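The structures come next, written out as structure tokens.
Here come two complexes built around chain A, the first alongside chain B, the second alongside chain C.
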Partner chain A sequence: MFKLLKNLIKEPMFVIGTFLFLVTIVAGLFGTHLYTPSPDGMSYEAPGSAYWLGTDNLGQDYVALLLRGLQNSLYVGFTAGIIATTIGTLVGLFAGFKGGIVDDILNMFTNLFIVIPSFVVLVLVSASWPEGRSLTLIAVLIGVTTWPWTARSVRAQATSLRGRDHIALARINGASNLQIIFKHILPYLASYVFMVFIMQVASGILSESAISMIGLGPIGEGSTSLGVILNTAKNNSAITYGYWWGVFPAAIVITVIVFALYLLNNSMEGVFNPRLRK
Partner chain B sequence: MNFSKRIVCSALALLVVFLISCEEEKAAEPKTSSYPRSETLYLSGSQWGDPNTFNLLVETWLVAWPTNDRFNLMYEPLTAYNSLTGATEPILGTLVSYDAEKVVVDIQPEAKWSDGKPVSSADVKFIYELGKRFPQAPTSYVGDFVSEIKVDTVDGKERLSFMVNKKRNNPLVILDQLQAIRIVPAHIFEKYLADNNNDFDAVKKIKCDNNPVVSGPYTLAQYNNERIVLVRRDDYWGNKVLHDGALPVPKYIIHPIYKNNDHFAINLQKGALDASMNYIPRINEKKKDGVNTWYDAPPYFVPGSMHFLYLNNTKAPLNDKNFRRAMAAAIDYAALNRLAVSNYMPEMKPGLIMSEGLEKKYYNAEEVSKHSVPLGDKEYAKKLLEESGYKAVLDDKGNLKHTLGPKGDILPTLLIKSPAGWSDWEAIVNLVVKQLRSVGIDVREGFVDGSQYWPTLPSGEFDIVMRKPPVAVTASLPWNRFNAVLSSRNWRPVGDGNSMNENEGRYNNPAASDYNKRVDELLDIIPLLTDEEEMKAAYTELNNIFLDDQPAIPVCHLPEEFFQFSSKAWTGWPTEKNPFAPPQLPWVGSGINTLWRLAPVK
Partner chain C sequence: MLKKYPTVRYVLLRAIWYFLTFLVALSLNFFLPRLGSDPVDIMMAQSSFSSPEIRKQTEENLRKDFGLIILDKEGNILRDEGGNAIKASKFSQLVTYVGQVFKGDLGTSFKNQKPVSEIIMQALPWTIALQFPAILFGWIFGNSLGALAAYKRGVFDKALFPLALLMSSVPFFVFGMVLVYFFGIVWEIFPAVGAYSLELTPGFSLDFLFSVAYHYVLPFLSIFLILAGGQAIGMRSMGIYELGTDYIKYAKWLGLKETRVLAYLFRNAMLPQLTGLALSIGQMVGGALITEMIFSYPGLGMAMLTAIQTNDYPVIQGVTLLITTSVLLANFTVDILIALLDPRVKQSLAMDVK
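Here is the complex of A and B:
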């Protein structure tokens, strides 16, 4: 384990990814507490000493909005990631380990979710919730619509582990199915599941941004997200009228988070995957 | 596809969606090749979808520009209302007089259709009385107001007397109708009806797009899904009678069909569009590109219509007038003006009468200050709520959790319904929510698709809704506005199928014990008054009742239409300094006179 970590730290991609991600996490967790927003000004005031990143259409300080948006987007990303990874991992593990009819049923279920475009489901469900779409609701919706790829990947790994000697040994020693799955298979897949989780977080942040950008994102007090910021900019024609500060900072923050997570995932794969290990 | 690739694809898709949504549509730019710029006027803001029909017998919201709404470029009404002076100006007819019994109009003897036949009383009677023959006709409502049209001949002119129907007893609405109902050639439409065995629905299917017989200064030249082109009629009868023999200056008028609001601003700035009536935020920033407005400084436009929050007066806590008054006091109207509508409104004054323009003569500032809550006074709002038994409950972070009613019960979160994507209304609602929550009123934004917004208005299935009644500045204002907000004439309970087209907030239920019959009495009396002092007294009394009860909340005063124009291709537009025509695009009411005063830029 220590050796793996040592190898990871040697990876420049991992170091850059970790640094960028930590910066966003720190900004998201503590930014809203440390930064005192300037009082509301005029619509779309340009960046300057009073407003470092200008104001939005309602005269609100963009730095404060971005920090709040980052916090909320990370919350949605992590919540959706945890839900999707948990469901996907459980379904994949059981399908892969049990095989037979359980595998057939769970596989059919997974394939069914894969062929239904998750974004369309997300749009339809969000649209049918015109009142009180909270951040948690959006996160749950994303989580329960994006788990199938995790399930499929974990199932493939679990299937390959099923026939290993240590599993047969555990079975001979009277271990139950649950014990085998959680004690003897899951630990083998932990690094893989963690990498999947990282990508699910990124996917959650992107999905939230997309759904918010078309006006179906979270609503309510303090529910500004990076996608909501982009939606406001779009609705107020910020690009058309040259208010670049309404778009680019939020877009850059989304890009940085997703890029950081992508780097983390790729660097981990290079270390954890024996086939790719240098 | 592995996860990483999916993420990359998602990110790219997100980028593409955003760029598409921000894209400037090249195809929407007008094609100038066939129409010399110096002879072509580009106006836009009325036609959004593909043009379907130019048949005036079809419902107005289905007809294409310029046969929809009140546009008078092809088909003309009897008179035009000048929203700047309040004068009723002649077009096909001249207003002679009006009183509680009748409205008298002389038809212009020189008025002719484009096929050379004279415009006559038969044409007027055809469209006015169509509802008697076909209940589904778009003018069928006329019969409620006009019992009969009597025709005499005076000094060689046909004189029409529109007899006031005692059922509604309202000559003011008849004056509105004079400038709203466009006259169609009876000889053409009677033939259509005869050819179709009097099947009205079959006649509605005729598009009237091939060399239509019109009386106005322009006629249809061509149309497609990108634009509608009108060409000048050099033999227009009104050139001699109404404009001293001059022709309207632009030979062509083109209405480009844009898909979203951005195109108006972009094309006005480029000079590819000469005037538009759509909301464009921060118009002052466009002035450097030659985009101008009536006033050079705020409020830039002439106020003409009020935007409201209609409150459901049947639902707790909105059925408590103290709660409604607290809401009205809590809203920061100056912030709405500054942030939501780009400083386009003058200082907000309470009540249903505008304190500026033509309505100023009815505005009684002293009475208003006695009856109104102080606007934008949060402390007053909090105190009023507290005194009425309402209490705000906050969460750990200090945000409003919910509001407790006078009995200690948790009040439901009130939703402010507004069409999604209407950026100025969305901004108003966002700010109002923020301001009301800050005094402890639990409200939320309820942005909905148009298909969910419009049907809930007549049925009253809303808590609070953004609304703009009435849309046009007409002779019957401010009575029309009072009627739209307060009238109990058709009061029906909230519910699907229970339709009300005025007072959708269900104020003043006639069956309730606290019914104030004085409201409906005043609404009935005012249209019959001719003495200005009596009218001012009646309007003041009605306005006081509104301010005391606050059944709805006016949130801003905005123009009838956002008249903004470019001087890059055409000059001579009416402005505050040169007010020869009202602040309207040259396609409606007296605004059409601008067409004879424009000059192409050389």
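Here is the complex of A and C:
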């Protein structure tokens, strides 16, 4: 365990990824409490000493909006990631461990939901549910439509573990299926599941900003997400008028979070998968 | 059945599977919009009417379009004693909907009373012309770069890999916005919006084709580069994995030419990448549609955006159905390609039958 950590810390990608990720987490968790927004000014004031990142179409301080947006986007990403990883891991574990008919049925569902685009499901539900479109609803929708990816990869791993000797030993000793799955298979997959979780969070943040971008984002007081900020800017033709501060800070924040998560995932893959090491 | 032709059997089985999936997708496309409030109620709430009679008439027409009420054989509305239209059950609504879809009838746009299929047919060529080449060339370019990075390692890999990683973490629409801002607004090198200059009438004139090509550059690049980044990363790790396998070591010991070894490597690492492409087509198409919205490119993405802004449910449903269908078709194609290209899959198909 310590050796793994030591190997990880030697990876520059891991260090940079962790740093970027921690910065976004801290800003997301505490930013809205620590930063007092400047009072509303004119529409689209340029960045300056009064407003570090300018103002939006309503004259609101962009720094405050971005902090709130970051918080909400992280909330959606993590909620969606937790839901998708939990469902995906359970489905994958049972399918891979049980094999046979259980595997066939679960696998069919997994394949079914992989080919039906989750973007489509998001659009259909969000478009017809204007009154209930909250951050949580969107997060849950993303979670319940993106789990098949996790299920597929966890299943592959669990299948390869099924034939190991220690599983057979546990079974001889009378361990139940549940015990074997959670005590003897899941621990071997822990690092793998964690990596999958990171990717699910990243894709949750991306999906949310995509759906908000097309005007189907969360509605309600204080539910501004990074995607909603971009959507507002787009609706007000901020780019065409050259109000770059309406678009780029939010776009950069999304990219930085996702980049940080990708860096973490890739550096872990390099350490956990010896073949990728030099 | 068809034991002598395992590949044909496989293709048939896949076709049946995808057809069943299509039916599930159809049902989702039907039921999901009806989970929330009644779309007709939402539409009615947004419009004002001069008299209650007109209001009632409009509402009934809408319900008829959506298949929400029962019709007799001549297409007249069946009424109860009170003169109110009889509501159809959810199941009979679904049957009506599926029947209409198979006839190619996707309903009528609420906004401009045009058939949805007509709106879609106008937008579809633009989307195909933009996305198909961008995804295809992005895939080829990204995979070639990834294979090279895996094979060469060293400085090339160290420079390329973080760059590709950064590119693949940029959302499609963010990159599109960056391109629009710098190339379209600040430097004014390329047009920022649209698919052709609005002063020209669409046709096969040289001016028009030139204008289309000129407008094509930015949206194409924004899809192409992001996709290539993601593919390069996948190919790199597949390539490194394959390089460690015995057959590559053996090929090297035999003293085969570098290009020959690379060709083997590419072929074997490419197949999982092909599967990956099939699986992620759904996500990519979603992202690429948003690219269209950024560039106001007159394809399906733009049609959907307009429909969303005006609550034009029949159009939204038509576009989502088309996206799902094309994603299913793409997956089916890749499944068959893999069966034809991958000797391992071919062999396992033949073994399955025995």
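Note that the second predicted complex is superposed on the first by the 276 of 278 C-alpha atoms of A that agree within 3 Å, B and C clash if a C-alpha of one lies under 4 Å from a C-alpha of the other, contacts with A are read in each partner's own complex, and residues count from 1 in each chain.
Throughout what follows, a residue touches a chain if its C-beta (ideal position, glycine included) is under 8 Å from a C-beta of that chain, and two chains touch if they have at least 3 such contacts.
The structure presented is a predicted model; accordingly, all values stated were derived computationally and were not measured.
Peer 1: Assess the superposed three-chain arrangement around chain A: do chain B and chain C clash, or do they fit?
Peer 2: clash
Peer 1: If we overlay the two complexes on their shared chain A, which of chain B and chain C does A:239 touch? Say first, second, both or neither.
Peer 2: So A:239 meets both chain B and chain C here.
Peer 1: Using the touch definition from the top, say if A:213 reaches chain B (first), chain C (second), both or neither.
Peer 2: both
Peer 1: Taking the superposition on A as described, I'd like to know which of chain B and chain C A:255 touches: first, second, both or neither.
Peer 2: Once the two structures are laid over each other on A, A:255 reaches both partners.
Peer 1: Would you check which partner chain A:13 touches, where first means chain B only, second means chain C only, and both and neither mean what they say?
Peer 2: A:13 sits against chain C, while chain B stays out of touch.
Peer 1: Which partner does A:58 contact after superposing on A: first (chain B), second (chain C), both, neither?
Peer 2: The first partner, chain B, only.
Peer 1: Go through the superposed model and pick first if A:102 touches only chain B, second if only chain C, both, or neither.
Peer 2: neither
Peer 1: Regarding the shared-chain residue A:230, is it in contact with chain B (first), chain C (second), both, or neither?
Peer 2: Touch status of A:230: both partners.
Peer 1: For A:266, select first, second, both or neither according to whether it touches chain B, chain C, the two together, or no partner.
Peer 2: After superposing on A, A:266 lies in contact with both chain B and chain C.
Peer 1: Kindly classify A:128 by the partners it touches after superposition: chain B alone (first), chain C alone (second), both, or neither?
Peer 2: Touch status of A:128: second partner only.
Peer 1: In the overlay, one of 2-10, 20-28 or 38-46 from chain C clashes with chain B and the rest don't. Which one?
Peer 2: 38-46
Peer 1: Which residues of chain A are in contact with chain B in one complex and with chain C in the other?
Peer 2: Dual-contact residues (chain A): 130-132, 202-203, 206, 209-210, 213-215, 230, 234, 239-240, 247, 251, 254-255, 258, 261-262, 266.
Peer 1: Applying the document's contact rule, which stretches of chain A touch chain B when the two form their complex?
Peer 2: Chain A residues touching chain B: 40, 42-44, 57-59, 130-132, 149, 153, 195-196, 199-200, 202-203, 206-207, 209-210, 213-215, 219-222, 230, 234-237, 239-241, 247, 251, 254-255, 258, 261-262, 265-266.
Peer 1: Show me the residue ranges of chain C that touch chain A in the complex, using the header's touch definition.
Peer 2: Answer in residue numbers: 18, 21, 24-25, 28-29, 32-37, 39, 42, 153, 162, 165-166, 168-171, 173-174, 177-178, 180-181, 185-186, 192, 233, 237, 240-241, 244, 279, 282-283, 285-287, 289-290, 293-294, 304-305, 308-309, 311, 313, 316-317, 320, 323-324, 327-328, 331.
Peer 1: Under the stated contact criterion, what part of chain A meets chain C in this complex?
Peer 2: Residues in contact with chain C: 13, 112, 114-121, 123-125, 127-132, 202-203, 206, 209-210, 213-216, 230, 234, 239-240, 242, 244, 247-248, 251, 254-255, 258-259, 261-263, 266, 269, 275-276, 278.
Peer 1: Using the touch definition up top, name the residues of chain B that touch chain A in the complex.
Peer 2: 3-4, 6-8, 10-11, 13-14, 17-18, 21-22, 24, 261-262, 265-266, 281-282, 285, 335, 338-340, 342, 397, 399-400, 413, 415, 420-421, 423, 426-427, 430-431, 437, 444-448, 452
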